[in-house]
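Listed next: structures, encoded as C-alpha cells.
The two complexes that follow have chain A in common; it is paired with chain B in the first and with chain C in the second.
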Partner chain A sequence: MKALILLSGLGFLGILSEILNFKKIIYKLTIVGLILTLGITFLEWDNPAPLQFSNMVNFDNLAISFIAVLVLTAILWFLTSAPIFEDNEHVADKTTLILFALVGAVCMVSYHNVTMLFIGIEILSICMYVMAGSKKGDLGSNESSMKYFLMGAFATGFLLMGIAFIYGATASFDIAEIKMYMENSPEHLELVYTGILLLVIGLSFKISAVPFHFWAPDVYDGAPIQVTSLMSTIVKTAAIAAFYKLFTVSFGSQSETWECTLSYIAGITIILGNLIAVFQSSAKRMLAYSGISHAGYLLLAILANNASGGNALVYYTLAYSVATIAAFAIITLVLQAKGNTNFSSFEGLGKKNPLLALATIISMLSLAGIPPFAGFFGKYYLFTSYLENHGIGLVVVALIGSAISIYYYFRLIVTMFKGESEEVIPMSGTVKLVLILCILFTVALGIFPDVMSGGW
Partner chain B sequence: MITTTLLFFPLVIGILLFFLKGENVKKIALGASLIELVLGVTEFVQFDKKQVLAQYATNIPWIKGMGINFHVGMDGISLVLVLLTTLLLPFIIMVANRNTYKNPSSLYGLILLMQFGLIGVFTAQDAFLFYIFWEVALIPIYFIALLWGGADRIRITFKFFIYTLAGSLLMLAALIYLYLQTPLPHNFSLQALYDLQLTEGTQNWVFWMLFFAFAIKMPIFPFHSWLADTYTDAPTPGTMLLSGVMSKMGVYGALKILLPIVPMGVNNYGPYAITLAVIGVIYASLLAMFQKDYKRLIAYSSAAHVGLIAAGVFSMTHNGIAGAVVQMFAHGISAVGLFYVVDILVNRTNTRQLNELGGIRTVAPVYATSFMIIMMASIALPLTSGFIGEFLLLVGIYEYNYWLAGFAGLSTILGAVYMLKSYQVSILGDKSAISDKFFDLVWQEKIILFPLIILIFVLGVYPKPLLDVITPAVKNLYTIMEITIK
Partner chain C sequence: MGTLQAIPLNHYIFLSVILFSIGVMGVLLRRNAIIIFMCIELMLNAVNLLMVAFSAHHGDGAGQVFVFFIMAVAAAEVAVGLSILIMMHRNTNTTDVGFLNKLKF
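Now for the complex of A and B:
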C-alpha cells in the first residue's frame, strides 16, 4: 500500500523536477526513494488488513514479495542505467515514465479487482511504449516502439474482451467473487470459457509466450538496451504475477478448461524459445529469445495451481531478474566499448576483465540453471510445485529445454576466453557495485534458498 | 564436525586464492592440500570399523520447506574415496607446480574448489546434496580444461560439459520422483530413499535414468566418446583430477544410489549394464593398442580400468563390489602416476608421439625404472597396488558369469600388451634424436614419484587396512538391498 503511494509520489516528484528545475538530482533522489520504498515494503509484511480501497487492492504477503522483487530490480536497474540519465536530455521524463511503469507493475501484482489489473497493465504498457521509442533518432527504436504499441494494444483488446465476458457471466470484477462463482457450479459456461480463453491469449501476449511472441525479439532488439533490460525483468515479473493470481485464485477450480491449452503453450514456448536462441549471433537477441523460454518455465507455476507455485514464482523471478540485470549490464558495457552486441565482440574479454568474466559466468550459470546458483533452485521449485499435482511429462520437456539452453549460455562464457584480445573494458564504480551485488545475490540465494521460501 | 571441516576448508582457501597473486599461491595451495591429507588420514585411522552407519556425521536442516538437510558423513566406501581425494590432491598440486601456467592463482583456486566438490559428493548423505555437489564438481574441472587446455579445447570441453550435464539432469528428474514417493513430509535423505518400497516397474525405469547419469560420468561404453579428447586436451593436473578422482564419482554413485535404491532394477537390467561395461573394457583396450599419442593411450587404458570396476559393481557380488572399491583407490594412484610420467616425457621432448621417442632408458635409468613400476601397478602385477583389486573384481565377475569373466580377463592381457609395447618403443629401443635431450629425474620430480611408488608397494603387499573398512560397508550395502527387495 505504502509502496504504491510512495512510488506515485516519486513519479510526481519527477514531473516537478522538470518544472522546478532540480532534474540534476532527480536520478539520485529516485534511487534513494526506491531504497526507502523497499524498506517500507518489508514493514508491511503480515499485514492484518491486506484488502484496501473497497477491495480494489490486496497487499497480502505474496503481493508484498512481488513488490519487493520489483523494487529491488528497479534499484539495480537504475544503478546500471546511469548512461541514459546522463545526457541531460529528457532526464525527468524518463525517470518519471519508469517510475510510473513501476506503479503499474505494483498494481498488477497487488490487484484484487480485475479493473485494477487492467489499469495496472495499461499504466505499465503505455510507459514502456514511450520508453521503447526513447532513442528518437534511431530507426530501430522507433520500429520497436511502434510494434510494441500495436501488438500491445491488440493484446489489451483481447484482455478487455475476456474481462467483459467474465463479467457477463459473474456480474463481478472482484476476483474473490469470481472465484466463489466458479466454485459453485457456474451457469453461463459459454461466457466463462470464452472469457478464460481470451484472457489466456491476452496475458500470453504480455509475457511473450509462443505463439504470441512474435513481437518480442524485434522489440527487445530495437529498443535501447537499458529499456530491453527493463522489459525482460520488471515487465515480465509483473505480467506473470498477474497471470498467476488471476488463474489460481479466480479460475483455479476451473483448471480443467485451461490446463491443456496452457500446458501446450508452456511446452512450445520452452522448446521454441531455446531452439531459436541457439541460432542468434547477437547477445542481446539471444537474451531476448532466452527470455521467451523463461516465460515458458514460469507458466509451470500457473499450471501447478497451488500456493507453492506462487512461492516458486517469487523465487524464480528474483533469481532471473538479478541474473538478467547483470547480463544486460555486461552487454551494455560491451556495446559502449565495441559498438555492437555480437558474440564476436565478447572475444577475449575474460582475460583482462576479471569482474566482468566472473559476473558473466555466474549470471549465465544461474540463467542456465546450474547448481548451486539461484537459477537452479528457481527451476527446482517450479518443477516440484508443478509435480505436486501433475505428471512428469512437461517437466521432462522443461529439462530438455534447459539442456538446450546450456549451449547458448555457455557460448557467451566460452567466447569470453577465446582469442587473444588484451582489451580492458572501462567500468564505472556503480556498475562494478551492481555486478558485485548481483554476484552476491545469485550465490547467496543459491546457498540459502530457504530465506525466500518462507510461508505466506 | 571433522567432515564439515574437511569439506569447507578447501572451499575457503580456494576462494582466497583467487584474490592472491604471485608465487605464494603455490605454497598456500600445497599447504592446504597437505592439511586436508592430515585430516583425511586422521579420519581413516579413527574410523570405527564395527559401526555401519555414516560416521563423523553432521546433520543440520538446509532447506526446511523441501525436507533437504545438510547431511554429510562417511561409511567405509566414502572413507576410501575421501582418503583417495585427499591423498592425490597434494600430488596434483605438486605436478601443477612443476609446470608454469598463466594465471596460477585461478588454477589453484579451481583445483581446491574441485576438491570441495569431490569430497562433497563422497560424503553427502542426502540425495539432493549429492546432486548439488555432483554439479559443483563439474564446474571447476570444466574451467580448468577450458582455460588451460590444448588447441581444440573449446569444442572438447563443450562436448564434455553437455554430455555430463545431460546425464545429471536425468538423475535429478529421477531423484525428484523418488523424493515425491517418500512418506509425508517428503525428504531427501538417502536413508529415506533406501526405505522406499518401489514396485518392480518403477525400479526398472528409475534404474535407466540413474544409470545414464553414472554411465556417462564413469564413462561406460557407448557413453565414452567425450573421454579421450577431454583427457588428452586438459592440462595434466586437470587430467589427473578427471581420471584419478572424478571417474570414481560415477562408480560411487552406482554404489551409493543405484544399487541400494533400485536393486530389482539392477537385478533385471544388470546383465545389460555389465555387458556394456565388459564391451567397453575390451574396446578401450583395443583402442589403446593402436594409439600413437601417449596421453591418449593412457586415457583409453584408464577407461578400460574404470569399465572393469563398473562390471564388478554390476555383478552385485561381494567380491566384485569390494574389488571395485579397492581398485578405485589403486587406479587413482596409478593413473596419477602414469599421467605424470608422461607429462615429464612431454615437457622434455615436446612430443607425445610414441614413434618419435626411444632409448630413454640409457639417458635416464631412474626415470625408466619408476615408469616401469607404475606401469606394473597399472597392469596389476602381484605385489603392486593394482593386483588385489583386479583379482577381486575378476573373482566377482566370475561368480556372476564365467564367460563375462573370461572376456574381462582379456583386459589384463591386453593391458600388458599395450603398456609394454609402448614402453618398449619409447623407453627402450634405439635412441632417437629427440630422446638425446632427455635427462633423468630431478629432486622435485622424485618427491612426487617416489611416494607414489611406495604407496603402490605398500598397498600391493598389505591391503588389509583398506579391506577392513570396505568389507563392513559392503555387507551393509547387502543388508540394505535385501530389505528393499523384500
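Now for the complex of A and C:
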C-alpha cells in the first residue's frame, strides 16, 4: 500500500515540478524515489493485514513480488531512457505520465475488487496512449498511438461487458465473493459463461495474445523505442498478473469453462508469434513479435491454475523484463548511432564493442531460454507448474515454439559478429551501468534460481 | 425503481447486448476515427445500462457506483483520444483510419 501512495506522490511531484520550476532535477528525483519505493515495498513482506481500503486492494506476498518486479523494471527503464528526458520542454509531463502508468500497474497487480482492476487498466492505458504518441511530428508515432487507443478502448468495452455479466450473476465486484459464488454451485450459468468469455477476450487484447494481437506489432514498431521497451515490460507484466489473479482466484473452480479456449489461445500465440518473428528485418519489430510469443508462455501459468503458477509468473516476468530492458537499451544505442534498427545495422558491432556484444548475447540467450540464464528457469518453472495438473500437449507446443525462437534470437548475435565494422558505439555511463546490472541479474538469477522461488 | 422492475430484466439484457453489438460492428466496419470513437462510447453505454439494470435487480448499490467510474474514465479516454485525433489530423489532414498504414512488414 505504501508503494501505491509513494508512487502517486512522486507523480504529483512531477506535476508540481512543472509549476514550481524544478523540472531540471525531477528525473534524478524520480530515480531516487523509485529506489526508495522498492526498499519500502520489501518492508511490507508478510503483511499481517493485506486487505486494505475497504477490501479494495490486497497487498499479499504475490502482489508485493509483482510490485517489486514492476518498480525494479521501472528503475532500469528510467536509467536507460535518459534521451527522452533530455528535451527540457516535456520532461515533467513524460515523467508524470510514466509514474502514473506505474500507479495503474500497481493497482492491476494488487486489486481485490474488479473496480480497482478496471481503474488500474485505464490509468495505465491512458498514460501509455499519450506516451506512444509523444513524438508529435512523426507519422509512425501518430499511427501507433491512434491504433493503441482504438484497440485499447475497444478491448476495455469487452472487459467491462464481461464484468457486467459477472456482476449480474454474482451481485458483487469483490473477487473473493465471486470465488465463493463460483464454488457453491452457481446459478445463472449463462451469465457466468458469457462473462468469462468476454473477460478472456478483453484481457487477451491487453496481453496481445493471438488472435487479438494484430495491434501490437504496429504499436510497438511506431512508438518511440523507449516507450516500446516500457510497453513490452511493465504493461505486459501488469496485464498478465491481473489476468492470473482474476482467473485463478475468482474463476479457478470454473476452470473447465475457460481452460480449453485459453489453451488454444496460448498454443497459437506461441507458434504464430515465434514464426512471424523469424521473418522480420527490423530488430525492434522482431522483439515485438517475440513479446507476443512470450505472452503465450505466460498464459501457461494461468492455465496451471495453482499457486506455483503465480510463483513461476513472478520469476518469468522478472527474467523477461530484465532481458528485454537490456535488449531495448542495445537497440536504442544502435538506433542512435545508425538511424535505423534493421539487422544490417548490427553487422560487425560485436568486434569493437565488447560490453554491447556481451549484453546482447546474454539477453538473447535468456529470452531464448538457454541454460544457465534466468529465462531458462523461467520457462522451466512455468512448464512444471503447468504439468502439475495437465497433460504434456501444450508444453510440447511451447518447446517447439522455443526451438523456433532460438533461430531469430541467435540471428541477432550472429549478425553482430559477421562482417567488418570498426565502429565504436558511444555509450553513456548510466547505460553501461544498466547493461552490467542486467547481465549480472540474468546470470545470478540463472545460477541461483532458488533465491526467488524459496521466498514464498 | 418500481417502473424498472415492471419491465423484466431480460429486456434490459437484450437491449444492452444489441447496443453493444451495434457498437462492435461500428468499430469494425467504419473508417472514420470520430465515428469509431462514438461506437466505442456506445459499447460503454451499453455496459452502463446493463450495470444499472443488474444493480436495481439485485438491490445493490455497487453497480451504480461502478457506472460512475465508467463515465469518468470514458470522459478521460475521449479527452485523450480526441487530442490524438487532432495530432493525427495536423499531420495527415484526414480522420480516416485507412491512412494509418505506414507500419507494415
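Note that in this section the second predicted complex is superposed on the first by the 454 of 456 C-alpha atoms of A that agree within 3 Å, B and C clash if a C-alpha of one lies under 4 Å from a C-alpha of the other, contacts with A are read in each partner's own complex, and residues count from 1 in each chain.
Here, a contact is a pair of C-beta atoms (placed from the backbone, for glycine too) under 8 Å apart; a residue touches a chain by one contact, two chains touch by 3 or more.
Computed from a prediction, not measured in an experiment: that's the story for all the values here.
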Partner chain in contact with A:E44 - chain B first, chain C second, else both or neither: neither
Touching partner for A:I370 - first (chain B), second (chain C), both, neither: first
Partner chain(s) touched by A:F149 [first = chain B, second = chain C, both, neither]: second
Touching partner for A:E347 - first (chain B), second (chain C), both, neither: neither
Which superposed partner A:G157 touches (first chain B, second chain C, both, neither): second
Chain B versus chain C as contact partner of A:F417, first or second or both or neither: first
Greater residue coverage of chain A in the superposed arrangement, chain B or chain C: C
Common interface residues of chain A - those touching chain B in one complex and chain C in the other: none
Residues on chain A engaged by chain C in the complex (per definition of touch): 115, 118-119, 122, 126, 129-130, 133, 136-137, 139-140, 142-147, 149-150, 153-154, 156-157, 160-161, 163-165, 167-168, 171-173, 217-218, 221-222, 276, 279-281, 285
Chain B to chain A touching residues, read off their complex: 62-66, 131-132, 135-136, 139, 146-147, 154, 157-158, 161-162, 165-166, 169, 172-173, 176-177, 179-180
Contacting residues of chain A [partner chain B, same complex]: 311, 365, 370-372, 376, 380, 383-384, 387-388, 392, 395-396, 399, 402-403, 406-407, 410, 414, 417-418, 449-450, 453-455
Touch list for chain C against partner chain A, complex: 13, 16, 20, 23-24, 27, 33, 36-37, 40, 43-44, 46-47, 50-51, 54-55, 57-58, 60, 62-63, 65-66, 69-70, 73, 76-77, 80-81, 84-85, 87-88, 91-92, 97, 100-105
